[in-house]
Amino acid sequence: MKTLMKGNEAIGEAAILAGCRYFFGYPITPQTELPEYLARRLPEVNGVFLQAESEVAAINMVYGAAGAGARVMTSSSGPGISLKQEGISYIAAAELPCVIVDIMRGGPGLGGIQPSQSDYFQATRGGGHGDYRLIVLAPASVQEMADLTGLAFELADRYRNPVLLLGDGVLGQMMEPVSFNPLPAGETVKPWATTGCRGRERNVVNTLYLNPEELEAVNHRLQEKYRLIEARECRAETYCTQDAEIVVVAFGIAARIAKAAVDGARAEGVRAGLVRPVTLWPFPYRMLAGVLKRAKAALVVEMNAGQMLEDVRLAAEGCVPVSFYGRTGGMLPGSRAVLEQIRLLGGKKYGHYVRPA
Amino acid sequence: MKTLMKGNEAIGEAAILAGCRYFFGYPITPQTELPEYLARRLPEVNGVFLQAESEVAAINMVYGAAGAGARVMTSSSGPGISLKQEGISYIAAAELPCVIVDIMRGGPGLGGIQPSQSDYFQATRGGGHGDYRLIVLAPASVQEMADLTGLAFELADRYRNPVLLLGDGVLGQMMEPVSFNPLPAGETVKPWATTGCRGRERNVVNTLYLNPEELEAVNHRLQEKYRLIEARECRAETYCTQDAEIVVVAFGIAARIAKAAVDGARAEGVRAGLVRPVTLWPFPYRMLAGVLKRAKAALVVEMNAGQMLEDVRLAAEGCVPVSFYGRTGGMLPGSRAVLEQIRLLGGKKYGHYVRPA
Amino acid sequence: MKTLMKGNEAIGEAAILAGCRYFFGYPITPQTELPEYLARRLPEVNGVFLQAESEVAAINMVYGAAGAGARVMTSSSGPGISLKQEGISYIAAAELPCVIVDIMRGGPGLGGIQPSQSDYFQATRGGGHGDYRLIVLAPASVQEMADLTGLAFELADRYRNPVLLLGDGVLGQMMEPVSFNPLPAGETVKPWATTGCRGRERNVVNTLYLNPEELEAVNHRLQEKYRLIEARECRAETYCTQDAEIVVVAFGIAARIAKAAVDGARAEGVRAGLVRPVTLWPFPYRMLAGVLKRAKAALVVEMNAGQMLEDVRLAAEGCVPVSFYGRTGGMLPGSRAVLEQIRLLGGKKYGHYVRPA
Amino acid sequence: MKTLMKGNEAIGEAAILAGCRYFFGYPITPQTELPEYLARRLPEVNGVFLQAESEVAAINMVYGAAGAGARVMTSSSGPGISLKQEGISYIAAAELPCVIVDIMRGGPGLGGIQPSQSDYFQATRGGGHGDYRLIVLAPASVQEMADLTGLAFELADRYRNPVLLLGDGVLGQMMEPVSFNPLPAGETVKPWATTGCRGRERNVVNTLYLNPEELEAVNHRLQEKYRLIEARECRAETYCTQDAEIVVVAFGIAARIAKAAVDGARAEGVRAGLVRPVTLWPFPYRMLAGVLKRAKAALVVEMNAGQMLEDVRLAAEGCVPVSFYGRTGGMLPGSRAVLEQIRLLGGKKYGHYVRPA
């Protein structure tokens, strides 16, 4: 059975179905429907909803609840996610599972409240300090807002790592029919959690290692885990890539727009295709490289000034020219404009490939 | 005349010579000598030193003072810089000049207090939200701590952009002779500053643009400025690169270690060379690409798990294999270990190039 | 059945039996056993324990939970209670019920961690701004810690007013047998609470009244309530006051010490008696005045520099000389020293009454 | 020469003339003209004006600057002063001089922005924890706003004690001609200040004494100082008290209104007089008691629900009936209404004294 819901609300319901019982956050447009939804729903399932004093307070409460073994979530938009960076680095260093939602709006600074994808670098390169990685999931529909939320909690627990769900204001606020298919719950055993140590050894959550050998060992363990995640958890959707000469690469809502442009190009006889990374970290370099090797050009479409572009160029390693089309500040790329870019690259009209400066 | 000083202190003195009269910060090892120095020196030149309530408070005071046209500085290490990310995005969005110092320590989380280079991603990809860039300068000696501080204030004012001075715990605390060669001062005119509007139009510092067309226009202006900086301000040191087959790429203190390894390799007949980016953003892609095209292999040496590595790979675009040697957690790479890596790549011993996984 | 418990723990258990399900606080000696107890016990009854980012955060969470109709508690010692003053004034102005525990330590400033009674003025005169009153209950045994906690929640709900339980480090940390006699629970109906307004008019919690007539009307309503509480809720213990010539007035742990001194005086033939106010606000002026009118001298004993002394003088209105004996900084008055003071005032030895300067 | 100025501005100018060079605060009506004035003026005299992150931050900056020997000021209205209570207790405990301005508005809670006197208890009984006292000065004109500001800095330094200037919204915002008569400056020597210890013993600012004997000794020293201040620094204005049968007691702006009522009563043949305490602590008990002993009734007039009333009753000790007339919430008592109260007490009409309940 499907329910018509906003994307932000779908995240909320999916989180509850995934066993999330704690939410700590602070309001900011365009994600406010999510805390609003949980403020109402969490008490109904004996959960705790708390609007914190600040974003800094919220992420540290997440740190505490995660350390105690709870399934816990926070959400914000760009400015709030920036304030959380210290806490995120701590949680990643302490190897604690939690889910962080960023419903992106136009930046930088206060920016605006219209949708954007301009926190890609922050999400995938670590806005915080030190060598750590977040698993970053990028939904492209309300249904995926729900599905990837469930997956986020699973991956967080499996790898003891924070997972970032990276949406945008369109996805957060649009309504689509959604069905909830929660994973079989299964009490996760967390022997490392600080649940009160009566009858066992004391568990300690700590990120301070004054001895550099010890800290290097921690980093080695982290890096090994990241290699494992890179090997196992890359996810991407491909569309018409089998014979694609022009490969569009886009994520999230931009990928839906790009898909329409690919259809348009195909209708005109241009062999276009689409790769949509679903995991932004780990980024599906290998898979994308395979597609690009058979192609003549790549076009990256983002709602920012060119951030995933770097990952596509790292995948391409110079094997095809990579061009970029982006809009910023809350403006959406139109599928017509994307089609125009495809035509420029692949088109009958020009008969050659143009590499933008 | 040269004075024997710690790197942190050299930054402090150079800042004062550059006309910096405001410092807002919060103590954290290994940068504390810098605020200590300025706590003593700033009052002597009628300046203001203020230890803020928090890192968040400090960066917002920097925001305020920069908006009022002052030359202003803050400093911290990783955890503190993470807390400042919201403020940094605001200052970049408001196009205000200021200098931020990050004396890196081992991370993530609290990590340790030994030196590191693991905030490279945060520095160059923007730890904050939205499409913005910091100019990032990476000194490799106490003398450069001083020289690049002066340059930082110049570039900040010239481009109305925050400049990040990215050092590490070795550079901050080692003592070397330093001479101060301040740029000719020259009162910088800042007609945009909020200095009190009697007799002129009111100046407004703002980063909120609810109209997305307006916000996109702001982003266009920012991106144009960033293109200009990329064109004009790339800086790098090269060493023995003319005929280099093995090109080591390293920055900061790691580059000094690498240089000794290059010397060692040359002594063994291996044609090694070094490229040391001084500006990490804008990264000297073009120059490095030129060097790499003539080479057989690249070796990136960092005190992290491989961050600048991505920029080197973006420069190489697959033209040479790029391998990596790094230490983390406060451990220093030894020049002997680097030399061993060079041997592996270029060496007499193996006669072939190994590309690490 | 009696259990041997610390006073701080007895408060915790009594709060749970009174239906308290929310605790927000921050650790400080000598009250830390209370949050520790609740951190363990509240989850067992589906309650919420949260260690807040700061005392300011904690009291504002209390404000929120109280507004939503929950039975909620916070606790601290002097420095923390001072930080809560803004919040307390808001809660009193909004006429919301909650229980605040102050386990006093020596002050002012950081002071020490030994017991004290030096927050009497703050408790009874309002440390916050504006004309408001807290109901202040002063237990003198572990049993009363429990009993008065139950009463505190009852009075808070009955009068929609914050109630302060004013203990000290001795009471908090001493162990005594205690039995729990919870009042019959009975779901309190709170039609004013912000519980979600579906199906009824929206409830608003507010303390801002820009129209001074409106704000004066609010103050009239508050003052009428305070007159009602003064008329109904004064509580005090009297001991040997029927024929007392020397009346000792003391509260809390100091009253237990004073009682031993009264016994000692009686054994020597001095007609001493004790009045122990249990409600510090409303202060039992009338009852005390009645006792003093029959007496020849009053002696106030406090663990501070003379605060309740003012209330005793307001009750006496010059009808008997009022002298004072106090210790500060965590020092306890000995019953021998108090007896010596009684002798000075009433004694065979001197045959006259001395009024100290 | 007189200048027409607002009371808030007069405080600002007088502070600068008194050598105040540091102001840390946070905006709140009705005192905002004071920080605004100093934001403009302090830079002109090489001073520092800083709008802090919060009231808590501001008072701790005052603590720091005072410890370093600077003449420093902060200001706020009720809610902000409540937030400062912890800091105030620390500064009093550390025996540091500073000036705190409270321009009172209607409370409790957010209350309103109209004038009030409802922070009297907080000011005189210590809103913070522990046994400490602030010197509290209550101006009644713009000229006194200036004069008492100068005196405040003098007393603060002389007694190493925080001084509170307690005004209200009328005094803060009304304009009157004012002349500035700064006290002869004279560099105050502060050998205890933490100015950098080269060449002398290290100075320590501390309020923590874990040993209760030590903390009691600190309290003894404080109480001795307070006795000295009580003996030396009581200030009050008397008006027509020589033969007064009805003594009105009022402070601040309420005293100006009461004075007009006294004139009105005299015109009708009623022997009324006025006592206006200028120091609210130390309160002029002895002087007031002398006046009351010759009188038949006292009338306390306040813009609150009856706070100084307690001090007047402590002075009267039952020798005359003490009645009260007050307005709250920002409402001003009219001189006509006060006159009516005088008539009720002293009047030809009734021929007897009525003591209100």
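Labels for the chains are A, B, C and D, by order of writing; each one numbers its residues from 1.
By our rule, contacts are C-beta pairs under 8 Å (C-beta built on N, C-alpha and C of every residue); 3 or more make two chains touch, one makes a residue touch a chain.
If you're wondering where the values come from, they're calculated on a predicted model, not measured in any experiment.
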**Message:** Let me check something: if the centre of a chain is the mean of its CA atoms, which chain is farthest from chain C?
**Reply:** B
**Asked** Once you count every C-beta pair in contact for both, which comes out on top, A-C or C-D?
**Response** C-D
**Fill in**
Per the C-alpha means, the centres of chain A and chain D lie apart by a whole-Å value of 57
**Prompt:** Where the centres are mean C-alpha positions, what is the separation of chain C from chain D, in Å?
**Reply:** 28
**Item:** Centroid distance [mean C-alpha coordinates] between chain C and chain A, Å
**Value:** 52
**Message:** Quick check on chain A: which residues sit in contact with 2+ other chains?
**Reply:** 56
**Request:** Based on the touch definition given at the start, go ahead and assign the chain network to line, ring, star, complete or other.
**Result:** ring
**Prompt:** Of all possible chain pairs, which ones touch?
**Reply:** A-B, A-C, B-D, C-D
**Request:** Can you check the complex and tell me which residues of chain B touch chain A?
**Result:** 55-56, 77-83, 85-86, 88-90, 92-94, 104, 106-114, 116, 118-119, 121-122, 125-132, 206-220, 222-223, 304-305, 307, 310, 313-314, 316-319, 327-331
**Asked** Which residues of chain A touch chain C in their complex?
**Response** 40, 46, 48, 50-54, 56-57, 60-61, 64, 196
